[in-house]
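Working notes, structure below.
All chains are identified by letter, namely A, B, C, D and E, in their written order; residue positions are counted from 1 within each chain.
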Amino acid sequence: MIAAIGTTSYLLLAAALFAIGAFGLLVRRNPLIMFMCIELMLNAANLTFVALATQLGDINGQTAVFFVMVVAAAEVVVGLGILVSILRRRPGATADDLAELKG
Amino acid sequence: MLAAEAGVGSVAFPILTALILVPVIGALLVALVPKSRPEIPKVIALMSSVGTLALSLWLMASFETGDAGFQFVSKHTWIEPWGISWHLGVDGISLFLVVLTGVLFPLAIVGTDPHHDEKPFLAWLLMLQAGTIGSFLSLDLFVFFVFFEIVLVPMYFLIAGWGYENRVYAATKFFLFTMLGSGFMLVGLIATVAIASRDLGYTTFDLVEIAEGADFAASTGRWLFFAFAIAFAVKVPLVPVHTWLPDAHTQAPTAGSVVLAGVMLKLGTYGLLRFGLYLFPEASFWSRPLWLTLAVVGIVYGAIAATMQTDLKRLVAYSSVAHMGFIVLGTFAFTTQSLSGAVIQMINHGVSTGALFLLVGMIYERRHTRSIAELNGLQKVAPIFAAGFMVVMLSSIGVPGLNGFVGEFLILTGSFLTARWWTVVAAFGVILAALYLLWAYQRVFHGEPDEENQSFPELRVKEGLVLLPFLGLIVFMGVYPKPVLDRIEPSIDALISRVEDNTDFVEPEPTIRIGEHGGGEPADGDQPTDEEGDG
Amino acid sequence: MNDASFLEYVVFFSAAIMILGGAIGVITLKNPVHAALGLVLTLFGVAVQFVAMEAHFLAAVQVIVYAGAIVVLFLFVIMLLGVDESIDLSIEPIPIQRPLAGVMAVGLVGLLGAAIVRAQDALVINPGSGIDTATETGNNDANIEQLAANLYGDHVFAFQLTSVLLIVAVAGTVLLTRKWPRDTGSTDSASENRSSDA
Amino acid sequence: MADLVWLIPAFPLAGVLLILLFGRRLGDPKAGYLATAMVFASFASAVLVFFDLLSRPTEERATVVTLFSWLPVGTFQVDMAFLADPLSIAMCLFVTGIGGLIHLFAVGYMHGDPKFSKFFLYLNLFVFSMTLLVLGENLLVTFLGWEGVGTCSYLLIAFWHTRESAATAGKKAFVTNRVGDWGVMLAMFLAFSAVGSLSYSVLNESAETGELAASTASAIALLLLLGATGKSAQLPLYLWLPDAMEGPTPVSALIHAATMVTGGVFLLTRINPVIAASYDWVPTTIAWIGVITALFAATIALAQNDIKKVLAYSTVSQIGYMMLAVGTGGYVAAIFHMITHAAFKALMFLGAGSVIHGMHDEQDMRKMGALRTVMPITAGTFIVGWLAIAGVPPFSGFWSKDEILLFALAESPALYIVGIVTAILTAFYMTRQVIMVFFGEAKWTSHANEAEAPEVAEGEEPAETHHAHGEFKPHESPPVMWIPLAVLAVLAAIGGVLNLPKLFGIPGGISYELEHWLEPVIEFGEADITGTWAYDNKYILVAIAVAAALAGIALAWLVYLKKRVKPWEPTLFANGWYYDAAVSWFMGKPGRDGFQAMTDFDAKIVDGAVNGAGVAVRESATQVRRGQTGYVRQYAGIIGIGVVLLLGWFVVIRGIL
Amino acid sequence: MLQQLDTFVGPEINWFALSPMLTLLGGTLVLMLAGALTPLWPKGLYAFATATIAGAAGVLAMVQWDDITDNGTRTLVAGVIAYDTLSMFTTITICIGVILVAMSSDQYLRDTPNDGPEIYALYLVAAIGGVVMASANDLIVLFLGLETLSLALYVLASSNRRSSESAESGIKYFVLGGFASAFFLYGIALVYGATGTTNISEMVAALQNGVDPFGNESLALAGTALLIVGLGFKVAAVPFHVWVPDVYQGAPTPVTAFMASVGKVAAFVAMLRVLVIALPFYRDDWRPIIWVLALLTLVVGSFLAVVQTNVKRMLAYSSISHAGFILVGVEAAAHGAGEADPGPGMPSVVLYLILYSVLVIGSLAVVAVVSRNSGGDTNLDSFTGLARRRPMLALAFTVFLLAQAGVPFTSGFIAKFGVIQAAVEVDSYAIAVIAMAAAAVAAFIYLRIMVTMWTSDPAVGADRVAIPFSTGAAIVAAVAFTLVVGIVPGWLIDAADTVTAYAR
């Protein structure tokens, strides 16, 4: 049914999104935005899943996406919980500020 | 062919297992004694070690002379899925090493006292005894490795806990050095089993079964042999992997040094015999130029290094390097004389060097220094002590009539048949031995004592009693080694014929002429001077 | 090319622009709020792509869960902690970090792209049972029903597992947000438990 | 009867054990008498064995007594066995006999020494080892004795161990001997690999039957020669003997003159068939080593002032003669000279000891003179010894030396000439000594303090040794000391009867006794050189020899007594051709540095490599550790790079390529 | 519509087979509910309850083991869960881990103070996640299990809110973990694209009846790479180990123990599932990678451990080098992957896992006790002269350290021996030798700790440590296990050997 646009295009788009997310996680210092970057990567995976599901005509791919969304939600909840518990004590702390443990 | 006799003379009472367990139990008991009873541990330790000694003597008494095979064999499945069995046995090669272990430990326990924490000290010592005896008795690769490895722990703690100024450095060096070596051995050992299992059709760690059942391709066998040999070379130790020894000896407490020199170094040479020649005859024969060279280098190198030492204990340690070199030389010369000499030299070195370390320890007790420069004129203030030292020293030099000579001479005589030029060089070690020991003796005992040494106490009765067995052994083994040699020889012959079966090596038999008295074997027509398989 | 395919092109590329643009926004915008909005843009773009691939249910969930719940959560936290724009993106304290990131991003795109491109002409078309879509079967709920059947059929275990996941989230947040020494914290945690178990 | 040969070593051994146990209780002088008794008992048993052998037909004069099997390993069977045959018994007789006398002397000499009993312990141990050496049935038992006497000499030289020089001398003696022992050991290995046994019977037999390849025989002979040069103080290993004079004088007499030092000659005689079986140049080598040593030592003796040093060098020189004899095939002559030399040299050493004793530990001859007046017995006996060594007929030395020179000439004129020159020198320096000590004017009346003569201070013995004596006045020694002197003097005088040649007047019946006695052991005798010019013109040789002796004496007379000629004592001689100095320098400087270098190599390079490995681990770890910065983003970066690498491997290398 | 619902039949669910997980889940709920409703439980009851629940789960797993030996392996719930001894072995291991950790947590949490049902509940939930990972027969399920475990660990890591280190470790772990699991998920997607399924059984089938080996391979390979990244992160394989030192050091000590035991176990078994069981088709592609990872992990772990001064950090690095050892086992398993007899690789891995888990929990329990009176300080100095203050404690720690060093008559030796044996039997000698060398290097730190404990006198004022009962019990149990297995390991080896008959 995807007559004109091949799955490959979707996959490439997803790959790009994934790479951007990964890049962002490396360059951004604000933990919140790092979380967002993780979300971007997860979405890239989702996009890949759906595209491949359509390509393969297999519903399991879409089901997987559903689970990923749940995971993403839980992850964000936990992550933000941890983050809040830290930033309450140290407002405006960036990822680089949290580097007491090293070596 | 050794397996054939396996089980001969095995008795109902598992004496070999008992030999290992008695010290272990002793150690546990010692460890369990409450702190409030400080006098008990020594008693227990003494009892258990003397018990071990008694067992070992009984073993020697009931040992079948003239039987080449393993005796008192006891074999029980241990780790079934891996084909590992608790397989113990003793033959002429290991018998006297066990006895030596049995003799040395009580003396070490009586003759030395740790300055603190006697309880753990004794416990570790007994553990060490169990480990060494175990590795001498085990006929299963796994069991051997286990014991070979476990002895590191007590020794480590003995050195690190009761040693002298640099003890931690020395102990760590010793532990890591040996562990690195045995790492190779473990891999080689498992590989041996894996490859043997392809021949045997089943997996077993049993030394005898592997030795009899499996035939390794030449190249394979050589690799495996080297994996083993590295570990043993470190333990012996051969130059250039010897540098842990001087530190370990120098820093170890007296008992530690005695045991280390007395029995632990023998693990290496014993391993070379049992897991080199016996398990990989082809490989060990193929590689003998290397070993002979290393041995000779060790003899000369160790002697030279010993000459220039300023620390008395370090000097003795380096002399050990030289002496162990003789043993390796004899091992890889593949003649009845050299191998018997090697085995008996293990015993003699254990006795002489053990005694030397004991005496040096006594000196340290009295003067709190090991530096040769700070000692002088001791013979004037302590003649009896000096006399004892003199006898032990002469035996270490290898004066005929004392035990040191027997081993060295047999080794050299035998080696001369198959490794002529190596022997010629090795014989220089005899000269150097006299040089470094007499020089040291002169510096320490001769001359006028200065005021620090004026008050050097004479040999105490207890010390004398400890020293006496050593002296007795030194003289006895020097004058009448026959009983020992008779028990060693059959196993040695079996070993050599095994080498002959697996290689093109033929032991050169000197022509025996008519009119020769004494029971020499019938002569075969070998040209005496030719050197089979040499070069 | 016919209109339908043209339309698809339009949809695809516009959505792709939304996605990438939003993503770029997320990683470039200094203000966290703006970044969050960039994220929303991306998520919508993805939703659009889902629709284009006739995964209507997922599209809906995408919008509701992601754009709705998650981003709101983000914004909430941002507000809670107060927006700070102190972080200056022009400077990078860790020297080799950006080159590193660049190498990684390029590498990812390049290698994944290579893999995808190599795979394209070999991708098997519809070996599976096929996906029921509203366009094929007249039934508008077809996708939902199929998804449901699959969810409660083959993937029922996974579905139940998600509840465990949520328990973790709940327990975790309770643990993290509780005040020490213990006081009122217990009651609300209990209520959350009940709700999650339902 | 001959089976009781084991008694010969047994008695001294018993003495050793007894003194070891009760020595301190017996104390001075009982311990000494016990030891002496033991040695004489051993001598008695030797005599018994001797007569037993004598009672047998010549070819049966060899008995092997096996005590037990010592080192039985496979084909290598060595027994603790004794061989009682003419040679060994002859040796035993003079070893135990003279040894006993010296023991007796020592009782007096060592009187008052705090370690009196220990001294006799060592002395008995020595006699025990020496008897083992000579009685050994195989090379190994001999070697046992060989090393034993070496050890005893070490112990006895360093007897006054608080004296640095004594300790050093002892060590030097032992180590130098070890060099020789190296040769002996190799000889034994070679013998075993060649004939499969170390027993003399087998070895000699195979040599006679020619089974022993000439090459092997030569190798064995030369290696044993090396051993002999060590034990018998020949070039190049002689240098321990002069220093050995640090020991008490009886020791010098017993070990370093009469018995031990002849061990090498004995060994070579023992294996004479092997020497015979080896290449011709081997005996020649032995001969030249002997004769050169003889000359060399004689020259040094010319310029010595220490009464014992002179005797020491003369000993070296005389043993040189014996080696010459061995090299030229005159084994009988060698043994003959060995015995006579044992007698007169022991005599002279004891005399010297008596002098030193009387002079209160003065050893410098320049401080003596005219002592005949105060110690007549010593002087008399010493003079007998002097005449003997100088080779004045009919004293014993003359006969033996003459025999040796005969063989030398038979071998080659060159050897003979050197030998004669040495004879002249011998007569010269011995005369010099006698004059300096017993004649001329007494220099001891104005006894200078020791400080003047350094080597005297060195020769100083612990003061407590002679507390017994009062203020200074040379005096005759007690009977216990001069009786042995007297006995030895007799022996030295008449010792020649052992082996009189067939010369004018001498009835054939009593000639060549020793040679006949040694017949079974030594085939090669004077009979083999008949027909040589030398043999046919014995008389001329005798004449030359006598002339040489008298010439030497006369010359010394002129120089030292009549002072007609200025003494010629070059420092080169006084310092022993600087040979000792050179060797000591080598050992001390380059040798020691080499050892030190090797030791440093061990510490720095070998051990350094080990520690270096440890440092390397630590360093590299410290470097890598820097990567663990604690920045979570950098961690992510590391992970990301890892991802890229993995993808690279899978996609590119495995997938595309 | 209605009749559609009628036609729908869900998969039959073998509740008994799922009972271990259900037990753990039920336990979680009970803990949280009861803990919430009755705020003040008697001290230590949480720990006790947790241990009991875990124990019950473990017992059930053993019961099922018998069932499997009798009736053979199968897959459950529409084939997403593998019902075989591999999962049971792991389940038991994890349960043991939970029991020991719970026991050693009790006093620690009360000191923090951080006592309460949640942490224990999280232990149990995480255990569920681990069990699911280990027994998943479907990549999606595996991913969900992974996330369950990870999320629980993130929270646990940062659970000590008094300590900033704990928080830092939590956030670090979370960010990196999310990062890694994103890769993992993307890898699943790609593999899904290549094989058309996420179910391992179908995946193997699809790959074996060879979907076009040229095109899809690239997708599958890329997917494999990303899967390895995700799993490598969890098992702390260099270079994906970066989080380990910081997180292990920062997290509360019992939690560290939990990560090092349960986390590692689950991750490694999941790795076996994904690589050895699911992707034997590509084993020649990923085996070299495992080889390299093993090498790097061994070297980096051992070397960096040498220069540490903090005991927890030392143990973190040593756990990395242990992971290297286990990777050697995985590499060995790779040789026989997919064949009828996969060889000794997998058994050696699971054997190592169970033995190491007990060791590391025991070691960290000791650390926890010691750090109690040194104010949570885990520097090497706080162990000075421990033998004088607490000989028994020092002895126990010595046993653990020796075992980690691989000294005979301890479980550690058996573990190493098994791995090396596995490697050697498939002729990968090089890595075996490297592993032994690395072990020798790593032994240095164990010696260092021992020396500090034994040969130096305690600092002035260093009082005797009070050993809480539960922790003491845990330590004793661990020591006993270590020594018993060290001396009579046969039964355990037999058990481990059965895991090669896995369901798929």
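By definition in this document, contacts are C-beta pairs under 8 Å (C-beta built on N, C-alpha and C of every residue); 3 or more make two chains touch, one makes a residue touch a chain.
The structure displayed is predicted, hence computed values, not measured ones.
The fewest steps needed to get from chain C to chain E, moving only between touching chains, is 1.
Of all chains in the assembly, those touching chain A and also chain E are C, D. Chain centres were defined as the mean of their Cα atoms; on that basis the chain farthest from chain D turns out to be C.
Top-ranked chain pair, ordered by C-beta pairs in contact, is A-C. Here the CA centre of chain D is 79 Å from the CA centre of chain E. Computed centre separation for the pair chain C/chain D is 103 angstrom, with centres defined by C-alpha atoms. Averaged C-alpha coordinates give centres for chain B and chain C that are 71 Å from one another. If you average the CA atoms of chain A and of chain D, the two centres end up 97 Å from each other.
Touching two or more other chains at once are residues 140, 144, 147, 151, 154-155, 158, 161, 171-172, 175, 179, 183, 190, 193, 196, 218, 221-222, 245-246, 441 of chain E.
Multi-chain contact residues of chain C (touching two or more other chains) are listed as 94, 97, 100-101, 104, 108, 111-112, 114-116, 118-120, 123-124, 127-128, 154-155, 158, 162, 165, 168-169, 172, 176. Each of residues 11, 18, 21-22, 25-27, 29, 34-35, 55-56, 58, 60, 63, 67, 71, 74, 78, 81-83, 85, 95-96, 98-103 in chain A touches at least two other chains.
Here the touching chains pair up as A-C, A-D, A-E, B-D, B-E, C-D, C-E, D-E. Residue ranges of chain A in contact with chain D, taken from their complex: 22, 25-27, 29, 34, 95-96, 98-103. Residues 617-618, 620-622, 624-625, 628, 630, 632, 635-636, 638-639, 641-643, 646-647, 649-651, 654-656 of chain D are the ones touching chain E in the complex. Residue ranges of chain D in contact with chain A, taken from their complex: 625, 628-633, 636-637, 640.
Of all residues in chain E, those touching chain A in their complex are 140, 143-144, 147, 151, 154-155, 158, 161, 164-165, 167-172, 174-175, 178-179, 182-183, 185-186, 188-190, 192-193, 196-198, 245-246, 249-250, 308, 313. Contact residues of chain D toward chain C in the complex are 629, 631, 633-634, 637, 640-641, 643-644, 647-648, 651-652, 655-656.
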